[in-house]
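Down below are the structures I want you to see.
One chain, subunit A, links the two complexes that follow: it is found with subunit B in the first and with subunit C in the second.
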Partner chain A sequence: MTREQAPARQLVETVIAPPVIAAVAAHAAARVPGVVRLEPGLRGLAGSLTRIARQRIKGLEPAPTEGVRAFVEHDPPDVRVEIDLSLSGLDQAAATAQAVQRAVGKAVTEATGLTPSAVSVSILDIEIRGGLL
Partner chain B sequence: MTARSELTASLLSTLREIPGLRAATPSTTAAASAVPWDLDVMAVDISENVVEIRVVALEVPIPPLTEVAGAALRAVLTGTPWENASLRLVVTDVDAAALVP
Partner chain C sequence: MAMNHATRDYLLPCGRDVEQVWERLDEVDAGRADAHELGCPHCRATRESLLVLRGLTRELAEDDAEPSPDLTSRIMSAIRAEVRRRDLVPLASPEPGEVQVSDQAVAAVLRFAADSVDGVRARRCRVLPAPDITDPLAVNVELNLAIAHDFGSDSLDVVRERVTAAAGARVGLRLARLDLVVEDVYDA
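Moving on, here comes the complex of A and B:
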């Protein structure tokens, strides 16, 4: 996703890469009450390992993105986020999922200046005792 | 030193003075410190019409950081053959510490 910050002659274009959006979304989703954990899945784990290795080369502590996929389109401009997670059985699943959607949309907008057109939440598991046992 | 390498060095020097962003390259590992050249140059691509700099965000929100960086880096291009080139800032990743309140 790009944002132009100046007239054409002195163009400054900012591109936010999908891992940045995914990291912000993962952080926001994990903090919503009722979310037990994000579920990376096999594909997510493979991507995560690659990213962690690359981050270590950079000397950085990687911001986790497991369980989140971010999609960035340039023409037309669009950002979409997909999140896989497990919820606590002590909370209403639909309400928690909506809270995740709101929290992620707000966090991504505040952190990157980009507003996701869609935040899709997939509930892959529910911890019957709220993840306490 | 060519005009491109001089410009790259100037851009990186300016980038290092901007808090919250760093070049997206292996510059802080022990192995990198043993290499006798500046690996941060890998974060800069200069073509005829586009100057691209890849960065990692160490803070959020990102837009104020890129706005400051864009203005500072744009100023570096002034008076060079790339004065009218597009400046592209690519935020490739974010440090975990940036998301801790």
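Moving on, here comes the complex of A and C:
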């Protein structure tokens, strides 16, 4: 949420809903090399399917948010993002997760003007097909 | 197809009932309508409604759609993720926010590293946070192995070396303790 003075000295408030931040974060995380996929839990999947159904009624194809939870506080303004994902075993998991943290923080800031106070990453699976060493 | 009893005796203003109109739908469709059916507006309106109803019920009856394989795999993936989210161990990160990895993911990497040694088959692998509170990023690992009967005793050092290297290089964890439990022998 951002507040700014409009030219006519009218207070303008822009509210950014958590699914928007989640979609931006999901897009950024999925593009980091070494990320195989985002992992929605059951609650995330249910929420995502509900959102998809609601959007389809309106004829829209929603941006994916599965595997990402965004938390927005209004007073004081704060954004936190949690991401669950699977990585390839080719890069060090900790390094890839840090790259995800940086990419998501940057993308959310650029897209919304809000800098997340925390981007937490949970690696739920490491794919080791093709070898490790 | 007979209508249920709730529709019987439902008389139209012309004197015919809905049951009758329903039973003669196909006859009228085939051009064998009687004189009354050709001219009666009540029968015609009822027939049109019943045709719509019949079309819809046939569609529903023939709809044997199952959940798409994509949805099924997403649900299974979500269940797996739910299970893996229970036991997470922390990884180091200078960025704001936590980084954690599921112990099952770590175990898979370590088992794979042990399997890369000739004559070794990794079995169960337990990953537990080390009790040393000064190093929250260290873990204790217990790895159960089956070895070939001609397995050299010094090869366990190779297993230890590879598992420790994989923990650091592929995950980013430090092993405070690595217990190797040789629990079985197999014929190579």
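The working rule: the second predicted complex is superposed on the first by the 122 of 133 C-alpha atoms of A that agree within 3 Å, B and C clash if a C-alpha of one lies under 4 Å from a C-alpha of the other, contacts with A are read in each partner's own complex, and residues count from 1 in each chain.
By our rule, contacts are C-beta pairs under 8 Å (C-beta built on N, C-alpha and C of every residue); 3 or more make two chains touch, one makes a residue touch a chain.
Quick caveat: nothing in here was measured; it's all calculated off a predicted structure.
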Which of subunit B and subunit C A:25 touches, first, second, both or neither: neither
Partner chain(s) touched by A:108 [first = subunit B, second = subunit C, both, neither]: neither
Which of subunit B and subunit C A:94 touches, first, second, both or neither: second
Partner chain in contact with A:40 - subunit B first, subunit C second, else both or neither: second
Which superposed partner A:70 touches (first subunit B, second subunit C, both, neither): neither
Touched partner set for A:15, first subunit B, second subunit C, both or neither: first
Partner chain(s) touched by A:118 [first = subunit B, second = subunit C, both, neither]: second
Of all residues in subunit C, those that touch subunit A in their complex: 74-75, 77-82, 84-85, 88, 91-102, 104-106, 108-109, 112-113, 116, 162, 165-166, 169-173
Subunit A - residues contacting subunit C, complex: 39-42, 44-45, 66-67, 80-81, 84, 89, 92-95, 97-98, 101-102, 105, 116-126, 128, 132-133
Parts of subunit A lying in touch with subunit B, wherever the complex brings them together: 3, 5-6, 9-17, 19-20, 23-24, 27, 51, 55-64, 110-113
Subunit A-touching residues of subunit B, taken from the complex the two chains share: 24-29, 32, 56-57, 60-63, 66-67, 70-71, 73-74, 84, 86-99
